[in-house]
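Structure below; questions to follow.
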Amino acid sequence: MKRDDGRKVDEIRPMEIVAGVIKNADGSAMVRMGRTVAVAGVYGPREYLPKHKQRSDRGVLRCVYQMVPFSTDERVRPGPSRRSTEISLVTTHALQPAIFLEEFPKTVIDVFINIIQADAGTRTAGINAASVALADAGIPMRDLVASVASGKIGDHYVLDLAGKEEEATAADMPIACMPRTKKITLLQMDGDLPPQDIKGIIQLSLQGCEKIYALQVEALRKRWKL
Amino acid sequence: MKRDDGRKVDEIRPMEIVAGVIKNADGSAMVRMGRTVAVAGVYGPREYLPKHKQRSDRGVLRCVYQMVPFSTDERVRPGPSRRSTEISLVTTHALQPAIFLEEFPKTVIDVFINIIQADAGTRTAGINAASVALADAGIPMRDLVASVASGKIGDHYVLDLAGKEEEATAADMPIACMPRTKKITLLQMDGDLPPQDIKGIIQLSLQGCEKIYALQVEALRKRWKL
Amino acid sequence: MKRDDGRKVDEIRPMEIVAGVIKNADGSAMVRMGRTVAVAGVYGPREYLPKHKQRSDRGVLRCVYQMVPFSTDERVRPGPSRRSTEISLVTTHALQPAIFLEEFPKTVIDVFINIIQADAGTRTAGINAASVALADAGIPMRDLVASVASGKIGDHYVLDLAGKEEEATAADMPIACMPRTKKITLLQMDGDLPPQDIKGIIQLSLQGCEKIYALQVEALRKRWKL
Amino acid sequence: MNLQEEYMIGLAAKGTRLDKRGLADFRPVTIEKNPISKAEGSARVRMGNTEVIAGVKLDVGTPFPDKPDEGTLIVSAELSPIASPDFELGPPRENAIELSRVVDRGIRESGAIDAKKLCITPKEKVWTVFIDLQILNHDGNLIDACSLASIAALSYAVFPAYDGTRVDWFTKTTEKLPMTATPIAVTVHKIGRQPAYLLVDPTREEEDAATARLTVSTMDDGHVAALQKGEAEPFTLEEVEQAIQWSLAKGKELRALI
Amino acid sequence: MNLQEEYMIGLAAKGTRLDKRGLADFRPVTIEKNPISKAEGSARVRMGNTEVIAGVKLDVGTPFPDKPDEGTLIVSAELSPIASPDFELGPPRENAIELSRVVDRGIRESGAIDAKKLCITPKEKVWTVFIDLQILNHDGNLIDACSLASIAALSYAVFPAYDGTRVDWFTKTTEKLPMTATPIAVTVHKIGRQPAYLLVDPTREEEDAATARLTVSTMDDGHVAALQKGEAEPFTLEEVEQAIQWSLAKGKELRALI
Amino acid sequence: MNLQEEYMIGLAAKGTRLDKRGLADFRPVTIEKNPISKAEGSARVRMGNTEVIAGVKLDVGTPFPDKPDEGTLIVSAELSPIASPDFELGPPRENAIELSRVVDRGIRESGAIDAKKLCITPKEKVWTVFIDLQILNHDGNLIDACSLASIAALSYAVFPAYDGTRVDWFTKTTEKLPMTATPIAVTVHKIGRQPAYLLVDPTREEEDAATARLTVSTMDDGHVAALQKGEAEPFTLEEVEQAIQWSLAKGKELRALI
């Protein structure tokens, strides 16, 4: 099968990851997946105020995903939407298992994810950026989190959907995992698939996440000059 | 005078009252008056937070009236409106005199009234439900509060307006009272009436409230298996 | 040059200042400049709550400017706008240097400015009123603050723009100053002017402020029956 | 109950008040006609130290689908913190909402404006009447002061010029609003519990001590157009009848001032 | 982990639960058809002590510019504090938003409604389908209860009369909505970490102890229409497969109730 | 005044700063052209460690009734907490509002865009120009950085395709916006009180120590298009004149970078 942009079905888009792009943040990263660009900034761990929200046994992770107004064809209105609120929530859950939050009682770790250009896969690009930004902030982690959205076009499982593939696919399935253990931390799907295809697409995505993981590690190595 | 639904002028609509309909609530009740259905849930007395809002000499009663979006012909937008804010306020005042709030300093009693079907008289149905729900919660009360809206059509004083009678009446006058002492705790009126008619309509409504009161007591008896 | 309302280029509009117009306020004033009418009320210095906002070394000044809905040709929607938020901010900064805030640690001084009729120069009228209201409240001040907006029509520098002059002017430049030292506490300008004109218009406005200052002092004298 | 409150009740038992008024007496009331030339109509009402301005603005809008041939009315009251240390910044809270709704219904439901005469093109264009209330000083009895200012401003208002496309607020016509009646709200307050006393036009101090109130709007022909009980203390039927009588009498006096 | 939680995990290890159910068992489920006669369609779902009503309202509006010949769907869930001491007043928060979006996508993306048949005049007029969810008592598993109530209410709904200009909600037709399928959501919850156990239809108590959940929406033909993982504990691929199998089986049972 | 502040004032007295710059020196400034291909025009500006992106989006809307033949301009700046520990989530506060209004007026009131050329059909359809500002890192002098990014993005922007009914953002034309001038904002900050010193392009640290600022927008022809004083310390007329001179000189340098 020939994809619009010449990729093979199991190939991710050209991907660029740069850690440390925001000077003021404790950790940060920019991730470009094809034409989608996400920037993540991490502030914390810092004292969680007001105090009654603190957890005495662990820190709290808060992620805020938002699309910058000029990131899409039709301008996005600033401010939270129902969509961005949901993505913020599932992003928090996608990243949380990777962090040793129990080491930071009473604190909050804030992760801000701004999508500055959107062309499919913004939540996955955001998770990839946030994961690197958390590591860049020196926060102890079990593993990085890698994320990609895949689907099925015709008879093929297709990795890292882009552009008009989002309309052509029988289903759009974003996934995030901790690559070392292959544990799935984000899983969503909309569409129409027989059960066996779900397994196939998840397996394809898990492989894709390994490639992304390698790029994330490389970006951190470059940042730390290892 | 013949009414659309066959009732006599001094007859209330068929009325059903069931206490204890919401398992999670401390007290609850459903009231059906014709096609109007109100559900009330009581939570409390519970500590009033933030603390600076507490009253050291008595508890605070808070009622929130709202119409569920599908309760009317044209869908109601969710969230408070000026109308629902005002009804919440007059409902609170209608119920408050019946409660021994001085026995619960520093607490708040929350009453949530949801109108799930609306066909005239929603505030009065809500007060009737809330009153039973407060008793169901075991909160000490001077009396129950009963409520009904009446008016004048042609030369007749007409009890418990329903359906198109709201348009035909010279005035719409919802009232609430503590039936044992006939003290009036809610009184509103819009329309055009000579002063003497007001007395006549209030008296008719006070009689109607006695019938409602009997049904409220019966519902509580059934609930408590007396 | 002949102005629409017959004034000379260096003449302010007929101006009326009355101190003490709001009984409940600690200080207040009404200022009429032509058809523009501003009312200012001062409450404070009073304890600044919540406490974490208090400044231990000085008091805080807060000004809120708003236009009353019926003050303009086309009705203004109630509630803050981006415009009114900005004017509130520059008004606060225009008045703050005149007040010995260091004498009132932990307090807040609230200044509410309501424009009840608008015909050019509402922010300057508001500052003039607020300045008198602060003095009326007995708050120790280095100086009063006087304010006026001027511009350039044709070849003339024109003081205190009114009505259609706002459209005719090459630039609209509101200014506020402490007249005794001629220090400029507010300066804004929109339009198109060669640099040398700016100096000329500022000088004209500083002279205008002296006349306004005299009227402010007179109003306070009258209020205090001096 | 505090001492001040007890003292007021004691005075009321003797038929008098802190400021020597009788229980059924208003403070001096004045109405200033059209103090705001930018508004289509306006009125400044002073009741003692209470001072409010009502401004009427007119604009052309679309009718509600269920009343395609009637103009619309929007009454807004903000309790601006300029007028009292009790008021706070922010969107209108329940007290401000009740105030504006009581004023609104007193005008709307009484049919004081002939809404059909505000229709320009059925289903498409009608006049919208905005009444905005600015409280300048709050010393009690805002419902009566705001209601009076509103109906006065309506009766002073004229239409702006309208060429079928745009409203020209700068040019006012001499055409008055289609008013059919002059409803006047009088609020009777209750102080004490047992015994309780009724009084009108309370100061802010008296209002704080009051346990309940009943607003009665009456019409030129002696009919009642609206009732609204406020606060938590109950009323007896006899007290309601008393309130209506007082409102009719006081309403006549206030109506004469417009 | 508290004692109650440990106890539940111990029970799960033996394949049972606090209320004696098996891990793959639902509580008794009932659906009441059209309890709200004012709605175009409605359904009351009870799952044990959880009780929700879905109401469908229809109105005529404009289509989205990018889908000029399709009707629109708006799903709203408010977690009204009447239903649980955990819920607070105010605009929907993230949990209510996730709930309504999961219900929404389960219907929208599965194509359960033939959106093109909701078009009246392309680019101008289409039917808007509102689904509003009222929670009456929250005892766990709101996603499944709300999804079931929603699809049931849609299948019971009829169009109101429409004359090309105004909708007459008072007069209902007999024409049903253009439904093409009946997606059913079943949410599998996970309790414990290592070892972990899967179970369906948790009570509120079990839900509070659960570490993660996976909602699987299945169709009449055995296909999967939607997945949504919730909460922070990860799933393995094997657990996902298990969840899909359970959802297919339970979904068939629930679909039969409509 | 703290020690750091005193130290900065001491340096300023000698004509220098913490990072060795002269008082009238900017940090290195770079402009990246069209970094956002989805926007109709965009510019990334770096001033030292301050980094902002301005994105221009175009859409077709209705004109304001009082300017029926002119396009509209909407400038929005959100101070996203990604860029600084000082920024908080939520709707724009007064600082963000002042920032966007200063940028807006610098462009609008200078007539830099020929608004009449944005008219498609008078009274009905005009182009709306949205400028959105994304701060990526805040190290001071946001007004100048955002103003520069905005005017640069405008000058790089091209119209999307438009067939009279729908905008096709996917297809960009080669037609540029009708720009007539290039206003540049330079903000002069004041540190100390007596004596006080002026400097340009402060870092965040210097900005926190500054007591006042004056933004001067200048045009290609040496005219001044806008002034905006910020913060509470007053300026003398001499200081204003100094600020204008610096702004003219620095503005020329910055304009050359576009």
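Note that the chains are named A, B, C, D, E and F in the order they appear, and that numbering of residues resets to 1 at the start of each chain.
Operating definition for what follows: a residue touches a chain if its C-beta (ideal position, glycine included) is under 8 Å from a C-beta of that chain, and two chains touch if they have at least 3 such contacts.
In this text the structure is predicted, and so the values were computed from the model without any measurement.
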{"item": "Chain E and chain B - chains in contact with each", "value": "none"}
{"item": "For chain A and chain D, chains touching each", "value": "none"}
{"item": "Chain pair among A-F, C-F or A-E whose interface repeats that of B-E, sharing over half of the contact pairs by residue number", "value": "A-F"}
{"item": "Greatest separation from chain C - chain, by CA centre", "value": "E"}
{"item": "Rounded Å distance between chain B and chain C, as computed from the means of their C-alpha atoms", "value": "52"}
{"item": "Geometric centre distance via CA averages, chain F-chain D, whole Å", "value": "48"}
{"item": "Geometric centre distance via CA averages, chain F-chain B, whole Å", "value": "58"}
{"item": "Chain D residues counted as touching two or more neighbouring chains", "value": "none"}
{"item": "Where chain A touches two or more other chains, by residue", "value": "none"}
{"item": "Ring path (origin chain C; first step to chain F)", "value": "C, F, A, E, B, D"}
{"item": "Contact set on chain D toward chain C in their complex", "value": "36-39, 42, 49, 53, 55-57, 59, 76, 78, 80-85, 89, 91, 130, 132, 134, 136-139, 167, 169-170"}
{"item": "In the complex with chain D, residue positions of chain C that touch it", "value": "21-25, 35, 39-41, 43, 64, 66, 68-75, 78-79, 110, 112, 114, 116-119"}
{"item": "Of chain A, residues touching chain E in the complex", "value": "82-83, 85-86, 88-90, 92-93, 96-97, 173, 177-178, 182-195, 198-199, 202-203, 206"}
{"item": "Complex contact set, residues of chain D against chain B", "value": "94, 97-98, 100-101, 105, 109-111, 214, 219, 222-237, 240-241, 244-245, 248"}
